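Working notes, structure below.
As written, the chains take the letters A, B and C, and residue 1 is the first residue of each chain.
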Amino acid sequence: MKTYVARRLLALVPVALVVATVAFVLMHLAPGDPASVIAGPDASADDVQKLSRQLGLDAPLPVQLVRWYGRLVRGDLGQSIFLRKPVTEAILDRVEPTLLLTVFAITISVAIGVPAGVISARYHNSATDQAFMMAALVGVSIPNFLLGLLLILCFSVWLGWFPVAGYSPLEYGYLKTLRSLVMPAFALGLVQSALIARVARSSMLDILREQFITAGRAKGLSERAVVYKHALKNAMIPTVTIIGISFAILISGAVVVEQVFNIPGLGRLIISAVLRRDYPVIQGVVLCIAGIYMLINLAVDLSYIVFDPRVRYQ
Amino acid sequence: MSTEGARRPLGVLPGSRETATAAIPPLAVDAPVRRRGPGWLTLLARRKTTLIGAVLMLLMLAVGVLAPMIGGDPGHMDVAGRLKAPSRAHWLGTDDVGRDVWSRVIYGARLSLLVGAAVVVFSFAVGVVCGMVAGYYRRLDNVVMRVMDGLMAFPAIVLAIALMAALGASVVNVIVAIGVVYSPRVARVVRGSVLVIRETSYVEAARALGVADLSVMTRHVLPNCLSPVIVQASFVFAAAVLTEAALSFLGVGVPPYVPSWGVILAEGRLYIQQAPWLVIYPGVAIMLTIFGLNLFGDGLRDVLDPKIRGLTSERQSQT
Amino acid sequence: MRHAFRVPAALVMLLLSLGLVAPLAAQEQPRMGGVFKAAMIGEPPTLDLHKTTAVIVQQITWHVYETLYTYDKNYNAIPLLVESHAVSDKGRTYTFKLRQGVKFHNGKEMTAADVVASLQRWGRLATPGKQFWKNVEGVEAKDPSTVVILLKDTSGALLMGLARPNNGAVIYPKEIVDAAGDNDVKDIIGTGPYRFIEHKPDRHVKLARFKEYAARSDAPDGFGGKRTAYLDEILFVPVPDVAVRLAGVETGEYQLGKQIQQDQLDRMKTMPGVVPGIIKPEGWSTAVLNHKQGVMSDRRIRQAFQAALDMEPIMAAGFGNKAFYRIDPGMSFPEQPQWHSTAGGELYNQKNPAKTKKLLQEAGYSGTPVRWITTKEYQWMFKNALVAKQQLEAAGFKIDLQVVDWATLVQRRNKPEAWDVFSTGITFNPEPAFSTAAACGWPGWWCHEDKEQWMAALGRETDHKKRKAIWDKVQQIFYDDVGRVKLGDFFGLEAIRKEVHGYRPTNEMNLWNVWLK
């Protein structure tokens, strides 16, 4: 088991390196000299030169790259051009809504997806199964922002149950915050629940075909015990995988949905940074999200230690 | 190792050379199944759902190609007639500057078709080359796949946004950005296939005979790893359409005066109360297109490679 | 002139039927307290009022900073920080007696030294300031409460220039002026009824009541007279999404939503709790051309641009409701009959693409894309540009429309190499001598020898009839030389909660003397 953990961690290093390099390349892909972008339109040529030297942008690229790695290790993501504060601070300012939205969305997607998938598998090939799976396929085909717009149309415009958009920060009350997040969370969560349902169903079906299930039935176990006690536990392995991955996906999905519902989270931060050409922020947010992605995948891999006994004996 | 593919269709195989970040699509572990009997086209046609998917796809293709004939002028602004509900004069209504929504949806299909096809070409060109090289040459495998893994560590939409920030808003840049995002995923699938095919006896024989590497690759390996790759085409196409719509909706995709479904949705969003048709029709268009591509792709996959799952309809919704 | 905000008849009927009118009338007593949230179109590009003509900066900061004079309800200049003034030396010397006991937010008392330093900085950095300073010989502090301005020649507009809120001659403490130099001021300290608390970009700008505010004793008149800070706190929240601004006022999250799309008026009338506010006129929409660098520096190409445009669809697209825009060539508004002019009007709204093609050919236009920067934060700017782009392209131009956020546009327009055309609105201005549209130093850099001389004369002249004649001449040059391209007049719509009392919808937007029920 220890080798497994060690190998997972070690495997992370080259990927992290590539991620950091890609982020560096992104900044330098942009047309124009980064120093003059940072200095702003009112700066004179001298100011730009000074800034260039100050930021080390006049050094050859490989040197800049190494220094960039160093800064990343220290957690220094640079300074936002527009917001005039460290990028890390800007990100921390915005993380609350995105995180809340993601957690809410994943709760919805698991609460809907897992039972739907299990029921589908239990009543395999019945009308329920077909209906669920068609719904799932439709769900997977709707972009989350479109679903968000349709939800607004239905529940805000026609029925008036929820506010059209906007986010109520936690400091003004939990309930208000939750209410403002219901629709965006559903927009994100429903699409993911379709995916989770499909996976839960297919892994349940695979398990149900296994020999130990047949043995259990032969032994005289009730269908209920067979499905829910034995099959489900085993089917959880890939399902937990997909839930873990969903968390990462939802964070990036939040980027789009935040725009639909005007939620001031990481998504809005990166979009406004793009429109303002605030490259340090773009870089910082992208790195942050990629980092979370990597960590979640690591966590999923490590979770196999708990779920899959075979892993422990590697 | 080979039995675990069936037990764990989507997980990472422990102890494999894949890293944690590559939890999305796993290795292909079986050789592509070659069938005797009815050809794949017949099998495809037998499934109702796939047929529906194919019809939807062809519909989109037809609309996109015939746009200049049936589309009218998507840019013409009849400002006096703005925000009009669907009527005989304007089948799907008009938008906030008086442009015909039918026109814009039709030309939006054309744009999606263009972007989808171009992204497939781009990502396959890059992905096949990288995947082949990685699968064939052990020494390069590590390097190439680390880079691919690194790129895949960024969620698709986030990487696409960052690339668009660097490149600037234009249709070509959107194609390049989305192409770059999906190339690693294609490369991964190709590599998986190549790894397996490499070990087959006829390839070994060819190499033993001293046939040049390039020749082996193009003549023996490539044709055999094509079927999983072809399955990917449908999903990559759908992913490209979806990602372009998302980028344009966010305002970082195509320039705002290009008719794109994402752009129409973004503009329609502000008028959702007075003019819901601005959201409904492009929305339906997107859904039908992606739905069709997914159905077709699923069918294709089930027919050609039931045991191999690369980028699936599940995965490509993750923008 | 400006209208007080009208309560629509429907709302009154509703209130009557609910029996609320009687208690409402009894509760007209202003109440201290409350937090006011104003939904603005976006982030302010800076908080240093000397540095920008962007209206959003003035709307926020003039609660914190004050000028020596301000406007009364008829847009005449009345004293604010000044006690009295005297004119001598045949109109070339102005002696101002400052009010005593006016405190800055840092506790320091305002003296002539602060005024002199601030005026000098304004004269150096602000667009109207630079224009004003052309006639200034010097400014000095005669004693701690007296400031003297020495002019080169008489001035017809000095007090109006000092009263102007936009890019205004606000008074900062001397230490802050000295520390900042030409860069943005670091600390936001003024003498106004509200003091600056914090600026969290993309969240809010927060102001709080300044308890030691030295209010004037005369009755409120327009923006002058006694200013009372009834509200405890004011939050200016950037809400770039216009649907969310309006929705926020509807739910009561915001008390005021600026810049609502004009075609929402009918919907707003049906919303309980929301009162529409109409600002008439708000400004005129314009495309500013780059005279200094790029393809628009050629007069023939500018004239080609001007000739192609058909203003009706451009304005209709931007403002929807016909009641909210007007096709008119004047650089001043018909609401200002003493300044309104139709000089040069034959070059306005020409709708002549054939002429455009000819001019482009003469100028040898080779299809270089014209970079037009605009923004969606002011919805109408984008729509105006979109329709204009189509008309111009049909006439032979190639337009590269770049959409950015407002704050970026304001920054980028300072770089002559970065653009050829940008979108903006010229807001209502009672004194043409300091017109932004006519200013040479303002982005666009329209510097025309004759026009400069006429503008200087306008500043000096004191006889109104002669001033009007000069303004006519300036406007003629505005059209002949294509200084800027005026698209049309527009009126603004904003959404106000019915709990808000004492508020008059104006472009400048003041929240003193405003209270929440």
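In this text, a residue touches a chain if its C-beta (ideal position, glycine included) is under 8 Å from a C-beta of that chain, and two chains touch if they have at least 3 such contacts.
Bear in mind that the values here come from a model prediction, so they are computed numbers and not experimental data.
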By C-alpha centres, the chain nearest the middle of everything shown is A
Dominant interface by pair count is A-B
Distance between the CA centroids of chain A and chain B (whole Å) is 20
Taking each chain's mean CA coordinate, chain B and chain C are separated, in whole Å, by 49
Taking each chain's centre as the mean of its CA atoms, chain A sits from chain C at a distance in Å of 43
Residue ranges of chain C touching at least 2 other chains are 241, 243
Chain A residues touching 2+ other chains are 164, 275, 277
Listed in rising order, chain B residues that touch 2 or more other chains are 251, 269, 272-273
Contacts from chain A onto chain C in the complex sit at residues 40-42, 82-85, 93, 163-166, 262, 264, 268-269, 272, 275-277
The answer for chain C against chain A in the complex is residues 200-203, 239, 241, 243-244, 247-248, 251, 253, 404-405, 407-408, 411-412, 414-415, 418
Residue set of chain A touching chain B in the complex reads 4, 7-8, 11-12, 14-15, 17-19, 21-23, 26-27, 29-31, 137-138, 140-146, 149-150, 152-153, 157, 164, 191, 194-195, 198-199, 202-203, 206, 237-238, 241-242, 244-245, 248-249, 251-253, 255-256, 259-260, 270-271, 273-275, 277, 279, 282-283, 285-286, 289-290, 293-294, 297-298, 300-301, 304, 308, 310-311, 314
Per the touch rule above, chain B residues touching chain A in the complex are 6-12, 14-15, 19-24, 146-147, 149-151, 153-159, 161-168, 238, 242, 245-246, 249-252, 265, 268-269, 272-273, 276, 279-280, 283, 286-287, 290-291, 294-295, 298, 313-314, 317-319
Listed in rising order, the residues of chain B that touch chain C in the complex are 75-77, 79-80, 82-83, 96-98, 251, 255-257, 269-270, 272-274
